[in-house]
Structure formats: structure tokens, C-alpha cells
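So, here come the structures, one by one.
First chain A sits with chain B, and in the next complex the same chain sits with chain C.
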Partner chain A sequence: MKKGIVLKLLVPFLAVVFLVGFSTAAVAKTIKVGGLKDTTGATSDVGKDAALGQAEFWQYYVNDHGGINGKKVKYIWFDYGYRIPEALTKYKLLKRMGVLAIMGWGTGDTEALSPTVNKDKLPYVSDSYSAHLTRPVDWVDKDGKKHIGTGYNLFFSSDYSTNARACLTAWYDNKWKKNPAYGKRKARLACCYMFPSPYASAPIAAIKNHAKTLGMDVGPDQDVSLFALDTKSQIMALQKFKPDVIWHGNTTMSVSATLRDCYALGLKANHIVNNWGYDENLPRLAGAAMKAADGLSVMGATPCAFYGQKTDMMDEVVKYAKKYNPGVPQEKRLNRTVQGWCNGLVLWEAMKRADKAGDLTRVGIMKKGFETMRNFHIGLGAGDVTYLPTDHRAATGCWVQEYKNGKFIKVQFVDIKKRWPKQWASEWFGW
Partner chain B sequence: MSRVWLPCGDYHQRYTEDQGWWQTNVIKGKMIFLLLIVFVVFPLILDEYWIGVANMVGYTALGALGVQLLIGYAGLITLGHAAFIAVGAYTSTLLILKFPWPEFILNLGLAYPISILVAAIVAGLWSVLFGLPSARVKGFYLILTTMAAQFITVDFILTQYVSKIGGRGQAFSLPPGTIKIGPWAMETDLQVYFVMITLLTLTIIMMANLLRSRVGRAWIAIRDNDIAAETLGINIIWYKLLNFFVAGFIGGIAGAFWVCNCAALSPEHFPWFLSLWLVGVILIGGAGIDGAIFGSIFMVVIMELLQMASIPLGEHYPRILFDFAFIKEMAFGLAICAFLIYEPRGLSYRWWQIKNYFNLWPFSY
Partner chain C sequence: MKKKLVLMTVLLFGVGVVLTSCVTVKPTETNFKAPAITLESFEVPQYDGYWYYGSKTKPAKGKAGNHGAPLPMNFLFNIENPNKYPILLESIKFTVAFDKEFDVVTVNSQDTIWIPAGKTTQVRASTLITVRSGLLSLLVTGGYKLKARGWSPWKALERWWTGVTDYTLPVTVHEGAFVFKADGVTKVLPFAATFK
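So, the complex of A and B:
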């Protein structure tokens, strides 16, 4: 009897799943944009909000504002749970469905997919801002190692390595130079990040190189998991080195755990944080450890405005968030939504340009869209973006902000290209 | 006893026939038909996406076969098999990228095939190292020692040391054209599919041969009752370690294949969840080699179909794309619970019943 009920339920369910599943091959022709997001995996603490933002942008905002020069856009996205094997199959599924571009997510899967994306000539606008994805043409590094160009990888932001250099520079200029020890000894830098995570480890070589440029000492790296809730052993390991500043390369949840433990164990260091670890949730999670007491500060790289900050286009972001996801309280929305919109806005512009040029194809979007952009103004507090056929570094620096008196305050816009033009041109390109 | 029930009227007169590869011409025909399907028909009819899914099925199956050998055939419960897959993947990658191969080996496209073999042996030996505690502990305690393999191998050795080789940071990338077999550079999913199906077929043949030999019978005896097996003169430590070696060997092949499929490598590819996932595969698939295969097909293909089903529904209910993420996670747990309650012997048992229904027809009672 029981088996009968199970079969009765299972058979129609599977039949529906199979029919609906296979029917996707025959979806009506529209302009399709794909998405690969993490809303359940290791980076879901920041991924959920970014996915919400991008869905609001592509599903509603773009179509409400004329689609691609009048053509409707269909946005198809999947959660891959930060599992690289799943990202591979989902990428192939999106490709099969005929998407013209993909809004990607993490560094691990974006870098893993990069050779495939470039072979398929499929524009891949990722939320990974790894510097390894910025050099479109094959190149050879100073050790003679060959690197394959990442010609179809893009993002709107300054890359992680530029963020790291900008944060360290801002800290050096604004904090270290006011420190009584300045000029008497070298400043000390330590890095806390998840070693096996390509995202977290991507800018480490750059920030260490930058520390050397600024004449700093670099201490032992500490392996902090993206899931970390307790990092006391790592902080205790740093106590002997006594860092003046700590670079946090993870996402918000584990950065907050590290800040709390630094505070609890009395490690008197300033903190600089990569963009995916620096959002509105950080002060909520870190609590007292975020309050700039005793000269301590927490600064971070911010490639665009925080959610709701007064800047052009922000009204639209808030309007669409309220309208289409009223179940998510406004005070819980993050700058991840804004980052999602920024990436969406550059791809939308590229598609419109390609369409205007009569070549709304994958190659057309890249060559007649992205690579024609010079100082394109996105809004939302992001820098103007430029993509050259030989250089996909969209921005040359970023705002570094500090959390002070319950607010994020702009400290300095660090333009790495302006400050170190020679190194920017070639030496620091692509890593 | 053989697991094959012969059609009505057919019977064996010798033990060797009972354990033979081709027990009847019908079975031989069926096997040749199956090989034709996977080697000829699938590559012709499947598009790139489904070939990609098939590659994931193959990768999962290669991983699950090792777990099946440990848990299903020797009763050695493991929750650290991803570590051995990782060892295989890293060994193969380092050999391809860093080893100073003689020019003629590179020209003949032999570097990758040799690296598969070396990766399998290294992973096998690494597995033996973590199998040593099985001489003294079993059950829950053995689970803990195999979990240690995961954390020591992936989170410590590979993450802290091995993946830093080359100075890139934490990840290796194998540029297009790096992985070659003979004259063919592995650049398309179809080429990867042929590598997968060849490796899977060879692994199945090797494993099936082992299982019908003295070694296989010793493993099964140890699984059923280790004390009784020892009194029968079976050196249980030797056979347990041999089992770990072969399971690790197969895991190493899986890892080396993963490199070919993904062309990039980082410790993130081998989380502890992968070890747990592979145990889930054999729980759903059931006993035997076919259990590992059925489980892999179920876990990969059904999840893909569920995902595809969410797309048209998402047009009308956009929230489903968000909520589906959680549904998919739950589906894994739910599937294991459902199988344990309603189909505790797994999919392979149901397949066995279906086969026997036809084999014994019209006298199925």
C-alpha cells in the first residue's frame, strides 16, 4: 500500500520534471543573459544579496527601460553553491540555452572556466575581481612563465590586487604617517585569508609586493576559513609579530570573526579589508570590535556606493528592491546589490552598443560593446570604466572608506595608475 | 554465488562458468550493446551540455567506485575519499606542469597517460597510509581516521604547501593544449568524454576482475565477519591495506581525470562534502559496481533535471530560482532518507529485480 502511494506520487512528479526539463530546449527566442551565483555556499553571506540585486536589475529594470534597444531580455540564473564541478555543468547548460553573456560569481570557478569562456568567446562578467582576469592577450611574466589571455573576462570594479594596494596605501598615508613609530621602525603587515580559496589568495602576492614598495615588513600569513567563527589561534599566532595593520581577504562573516577575536585578545592593529569583506553587515557582526577606539580603525576597499547612499541611480536600485523583494527588509540590503547593478549596467551598455552596431553577438558584445567603452559613467558611486582590447582593468583605483561613529566615511581615493604609472603599465599587470 | 540469475533453462555445470565474464551469449550481446551505446551512440546524439553532464557522471562514478570498494566490499567506512582524489589530481597536474619530460614523451603525447598511472599509484600509497589504523580500529573510529585523511591531506598538505608550488598562489591552471593523449590535445568535451568512458570501463574491468578473485572473496569475508575471516587464514591486515590501496588507486584515476575535465585545480575542488557526497552516491545506488554507477547517474542527472525544471517555473515565479537553491540542498538529504526507508538496497537492487523478472519469465516465482 505504502509503495503504491509512493509510486503514485513519484511517477507523475518525475514525469513533470522530465517534460518541463526537456522543454527548456524549446524556449521562445529572446535575448538571454545567464547568471551563476552562490546563494547557498561558502560565499553566500555576500552572494545572496548580489544575486537579488542582479535579478532585480535584469528581470525588471532592464526590461522596464527598453531592454536591449527594444528587445526583451530574459535572465536565467542558477545557484551553484560555490561548488566548482557544478559551475562547469551550469555554464554548459547556459551556453546550450543560447545566452549572449553570463554574469558569473567566484574566483575559483571564473578562473577555472576562463579558458573555456575564451574559447567559446562568451562574455563573462564576474563578481570575481581577480587581477588574473584582466589581461586579455597572452603574455609572459618576468620568470618566463606563459599566461593565457583572459579576453572574455570582465568586471566593472578595480581588481582585488588594486584594492589591496589602494587599502595599504590609504592606511600608510592616513594612519601610519600619524603613528609615533613612523620613521623609527618599519610598519608591519600580516594577512588573514583562506589559503585554499582562489578569491582570498588572489591579491596576496600583490599586497606583499606593495608592502615592500612602501618599505614594510610582512609577517606570517594566517589561514582563516571562509566559514570561520573562531580565529583565536590565528590571532594568538600573530601576537608575537605585533602587526600594525592586518589585511583581511575573506568575506564578511569570517572577517567579522577575525575582528572580534583581535578585539577580544587585545591585538592592537588596524585593519584593511577587501571589498567582499566590507559591507553593512560587518559592523553588525563585529560589534564593539568595529568601533574606532584607541586609534584602531577598520578601512576597506569600496568599488561602489553602499546601499542607499546618496548617489546617481541609487533611487532606482532602492525602488526595484522595495518593489520586487518586499520580503527582504531594506535595512538588510547591502552594497552587494549595488555591485550587482554595476556589473549589470556595464554589460547592458555593451549589449546596447553592440546592437546599435548591428552585431548583437557574443563577439560583437565584446568588440563593439565593451572594448569601445572609454570612461563610461556607471553611476552608483563606481568609477568610470574603460576596457581596451589589450587591457581589461576597468578602473585604476578605488575609494577606501573607514567605519567611524556608526558610519562609513570616505578616507581617500587611491588611483594606483596615477601614483605608480610605470608599475601599473606593465609590472603589476595581470596579477 | 554469482549475482547473475540466468534465464530459465540455462544453468552452469562448473564454478569457472559461474564466475565467467560472459556467462551466456545473451549477456555477451548485452555488454557489447552497452559498449556501443556509450562509445558510439552517446557521442553521436548527445549535445555538448549532456556530454558535460556525462563527464560529471563519470567523475562521480570513478570516485564512488573506490568508496564502494572500501565500504561495500570490505566494510571499511570512509569519509575521506576526496583526499585520495585530490592526491591523484595534484600528482597528475604537477607531473604535467613541472616534471622535466623527455622531448619524445611530450611529442608522443604520453605525459598525461603516464601521469594518470603515477597519480593512481601515489594516491593508492597515500590511501594505505591512512588505512593503517584500520588494523586496529573499525566502525565509527575508522570514520574518524579517514576524516583525518581529508583534513591532513587537503586542508594542510595540499593547501599549505603543494598548491603554492609555482608561485601562482593557490590554484593551478592547465592552459589549452597542455593535456595531450597521443596526437590529441584535450580541448573539447567530447574528447574528455572518451577519456572518461575509457578510464571508467578499464576501472570497472579491473575492479570486477579483482572481486571475482581470491582477493575479492577475502574482502567480502572480512566485511561479513573479520574474526571468522581470520580464523579461515585470511591475513586481514594485508587485505584491508590492499583494499585501501586499490580504493586510493581508483580515487587517483578519478583525480587525474578531473584535471582533464576542469583544466584548473585548487584545494576548493575537494571539500569534505565531496567525501560525504560519494557515500551518498553508494547509499542511493546500492551494492556492487552497478550500484556506484546508478548512484552517480541519479545524483548528477536528477539534480540537473530538477535545475532545468526550475527555469520555466522561474518565469512565472521568480522567487523559485532563489528558493530552489535550498530545495536542491534538501533534495540530497531527502533522497538519502527516502532511499534508506523505501529502497534500502538502493537502485541496483531494483535493477536486479527488473533483470530477474525477465530472466526468469515465465517462471518468475
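So, the complex of A and C:
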């Protein structure tokens, strides 16, 4: 009888304990996403803010909004200091930790990792928007050179080459056509960028090709280090060519130094800047070169909105930045945070789609996630994105904005695919 | 039989009282008091001097490259939990600056640590920079500040690597964010301190 009572009480008790235990285990299933960021290296002037934004998005926003259809996400990120060997080491660690996807960073390491990533079939969403990463299937260029497909490389933005073409087009339409010399002579383009930098040099062939398409002359390239504070010799070298427009391919600090010297030396040219050189810090660092009444005209590629600029989702970006990094002053937050969110939003959507399809795996995220997206709306001022199994150019153009009277103002949305559909389809693809 | 049932009931009731007494206060947004964070100490656990060689220098072993002396750093924080329930330290992030204005590294630790109710826990965050990483960081984020001080990057690096071990160099932790959780309630605390 005694044994009976104990059993009657013990069995239901243990059953409850086990049920609670197992259900907790089921709920506790987490999905791992990795991150490789530069918060200390050669691109940390833009990398730190991007890293903060992505951490706010993955660690907090995603989990506050249901994770991956109810599954929690653990975001594990490392600072690799823009050192390629370090990126390779950390990539191996993240892979070993079982991440389903990685939020990558720079062009050098992303391109160096690309063959490995594609062999491992591990979705790699980078902040490098190099056009070299947009062609998923093996291809041969017009010179007969073979290129390996980059099927697991992705990003939300228009690529650097499309950005460059968009900037030059916007300058041509909005500045050059109003120039008294228009129709009388060819416009002149010069490029300032760090020659050995994979990021800075990635779109140079494209912008020169585009200058020819628009009937422009191209002057001598100027090698400007990412660390440059003094670029007078490069600017003086350009004075003979008299460029009408200068393309800046570096990140913010050296672009600001080049603008300062152009202004100081009186080089009469307009300026167009790739996205990683064009942020809220640029006018602060360039000073009078951009802010004075006779300051330079500086336009740039903006694949998404500036931090705090009015657009859908921006309230969330600002809210999470304030909440999770209260020690970072708001005036230090940049459009890099927004870029980080945009890349996060496309991966999150891909993961949810793959999960819904019952295939939340690395391959599933690509095939049943990314490659099912057609004009997916991200918000945050970014273009709607499409990923095809044969074409990972997510966006076909971008907003070009200009700094005027203390503000960034939208000049033109240039859709390269719409304007040059034939070249977009096959010719301007992968470089 | 009846006596046994009564005894069993009393026993279960007692166990229930004991278990209930363990759960005293449920965390809420309003009763979650901010933990107190202080920087207890800063140390260089292994010092290897100041040196740098470029990629043109042939090393005795291994491959040539741009390499500089490492500088590992440990930061020990005291975290006092004033609440009547345990809290989880979920992540720590902060930036280390030398000479108050030159950021050299941003530390991100996602080690999770439980801090018992009313107790103080010590948490160590470690990081490492090298003369090479310091140089790159300095050149890209500190260029104008160096210019304003009239310093070359090398002057700054030598000052830092030689000053850090005798504690003549102000080492600042800033832009800190300590994320705490308790039963679904989150509290994020900013943090800044200078170790002199």
C-alpha cells in the first residue's frame, strides 16, 4: 500500500519534470550565425560602426522579433583586423562552431575566402560589394580568362561597379549637362584610389568602361593610400589633366584628405565617391572643402539611407543603437550601421524562407531562401533585392546623393539595368 | 493508512514551502536595479617589448611580413548585483583608447556569467593588439588627431608600448555596453573608466 501511494505521487511528478525539461530543451534550440568584422584594422574607420549595427541586429532585434520562425539566433562575431590570415583562421573556427551563415566584411578577405566558402557551401554575406562576387556560375571573360563562380557570396547592395556607373551617370546628367563646356568637348574623368587595395581597385575597370560609354576621356590614375593625410603630389599631378570629375575609391579618411587638398590647391573638379568613402564623417573630416560656401561638389553612392534619415525601419535601427550601445554617442553612428542591418535583413529573410521550406541548412538558405527572393523589399532606403541562381546582383542601381547646405540630398536613383539593359544582361557582369 | 496520508501531505506541503521560499522576487522592468560596474585593474599579462619589422626584413624562421610586438591586455571588472535575484551577464563590449583619444581595439565578449543575488562577481576581459594592428588603426582613425599633436605614428606607438607597463600611459575603457538579463528582462549599462 505504502509503495502504491509513493508511486501514485512520484510518477506524475517525474512526468511533469521530464516534460518541462524536454520542452525547455526544444525551445532552447539556437541557430548560429557568424561574423567577421574589422574594428581595429585598415578599414576600422567604417568597420566599427558596421560591426556594432550588425550585432544590434542579430543579437537583439532578430531575437526580439521571433528569431528564425521561433528559433533563437546566437550571433558570434570576431574582429579580424582586416588581416586576411586572421580572417581565414576565424572562418575555420566559425565553421567548426556550426554557423549556418557568415556576415563577412572586406573585399580582400571575402575574395580570398570565396573558393573555400563555395566549396563549403556556406552562405557568406559580405560588406564587400565587389562585382567579382556576383556571378554564381563559372564563366569566361572577353579575354578568355576563366573565373570560378561565387555562388555562396551575397550582399544586399548594388555592387561597386554598378555604384561607380551610377555615380558617373548622375554626375553626367546633373552636372556635366549644365556645364558650359557640354557639347563642346569631352568630359574628363580621373580616379584616386589605393592601387593595391582590392576594395578600392575593384570597380576601376567598370568606371573607365562607363566613361567611354558616356563619351568621356580618362586621365592618369592617382595612387592614394587608405592612410593618406597628404595627397598634394597626386592633386598636383592631376592639375595638368584638368579633370571635370574625380572618382574616389577609398574609405572616408583618405577621401577627406584628398578633398581637402583639392580644395586647398584650387583644383576645379566635381567629386564622386564610392559608398565606403561617403558617410556622415566625410563632411566633418573634409571641413571647409565640403562645408564652405565655395566648397566642392561631392556626390556619392548610397545603397541605403544615412543613419536617422527618414525611411521605413529606421526607427528600429536608431532604437536598437540607443538601447544596446548607450555609451556610443548618437553623432558617432553612421550609415554603416544601416548597411549592416540591410545585409542582416536579407540573410534573416533567407533563413526564415529556408526554415519554412523545412530546410534550414547552409544549402537550404541559399536555394530555398536567397534564390527565391524576387524584388524583396528591405526598407532603409535600399533597393528591392532579387537573387537568381545565375545572377547574384541583388540591386540594379542605387541612389546618388550630394552634400549640400549641411545635409545629404538625394540627386537621382540610377537604375543601370533599366538604362543599359543589353550591357547589364551579359556584358557588365562579374567585373 | 490515514496517518500515512496525512504525513505525506504535510511532507509535500513542507517541500512546497521550501521551494516557494527560494523564488522570492520575480524580475520586472521596474524592480531590476542596475548592477554597479567598476574597473578593478588593468594588466599586461605578458610583455614582449617594443619592436617592429617590415616585410622586406628576412626573418630567421618563417615567412616575411609586417609584424610588431604583441600587447596582450586584461581588464578586470567588478560587477555587483544589488538585486534579490540572480542576473545573467550576457555580453560585454568596450573600446580601449590610449592617451584618452586614440582607439586601439574594440573588445567584444559573449561569455555568459551568472551573478548571484546580492553578490559581486569579477569578470576578466582579455584582448591583444600588436604594433602592426595599432599602426593600421592609428593611421586610419587617428591621423588628424596625431597631426594636431604633432606626433608621427611611430612616436605614438613607441610611447604606448613603453609607457603601458610602467603605468604612465592613460588607458581608457569607453563606449562600453554591459548587457544583463533576468527572466526575460534586459538592462544595458554604458560604461567608461580610465585606469591611471
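By our rule, the second predicted complex is superposed on the first by the 396 of 431 C-alpha atoms of A that agree within 3 Å, B and C clash if a C-alpha of one lies under 4 Å from a C-alpha of the other, contacts with A are read in each partner's own complex, and residues count from 1 in each chain.
Just so we're on the same page, contacts are C-beta pairs under 8 Å (C-beta built on N, C-alpha and C of every residue); 3 or more make two chains touch, one makes a residue touch a chain.
Quick caveat: nothing in here was measured; it's all calculated off a predicted structure.
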Looking at the overlay, does A:T39 come into contact with chain B only (first), chain C only (second), both, or neither? both
Once the shared chain is lined up, is A:G266 touching chain B (first), chain C (second), both, or neither of them? neither
On the A-aligned overlay, A:G358 touches which partner chain: chain B = first, chain C = second, or both, or neither? neither
Have a look at where A:D79 lands relative to chain B and chain C in the superposition and call it first, second, both or neither. both
Using the superposition described at the top, determine whether chain B or chain C touches more residues of chain A. B
Let me test your reading of the model: by the given contact rule, A:P115 touches which partner, first (chain B), second (chain C), both or neither? first
Which of chain B and chain C A:G183 touches, first, second, both or neither: neither
Which superposed partner A:G144 touches (first chain B, second chain C, both, neither): neither
Applying the document's definition of touch, where does A:G406 land relative to chain B and chain C: first, second, both, or neither? neither
Touch check for A:A55: first (chain B), second (chain C), both, or neither? both
Jot down the residues of chain A that show up as touching in both complexes, chain B in one and chain C in the other. 2, 39-40, 48, 51-52, 55, 59, 76-79, 81-83, 324
Seen from chain A, its contact residues with chain B in the complex are 2-3, 6, 16-18, 20-24, 27, 39-40, 48, 51-52, 55, 59, 74, 76-79, 81-85, 88-90, 92-93, 95-97, 108, 111-112, 114-116, 119, 143, 145-146, 148, 195-198, 201-202, 204-205, 223, 324
Using the touch definition up top, name the residues of chain A that touch chain C in the complex. 1-2, 5, 9, 39-45, 48, 51-52, 55, 59, 76-79, 81-83, 226-227, 229, 251, 253, 257, 285, 323-328
Going by the contact rule set out above, which residues of chain C touch chain A in the complex? 1, 4-5, 8, 12, 91, 93-95, 103-106, 108, 110, 129, 133, 136-137, 139-141, 143-144, 147, 174-177, 179, 188-192
Chain A-facing residues of chain B, complex: 47-49, 52-53, 56, 59, 154-155, 158-160, 163, 166-167, 169-171, 173, 175-176, 187, 189, 261-264, 266-269, 271, 273, 300, 304-309, 311-315, 318, 321-322, 324-326, 328-329, 342
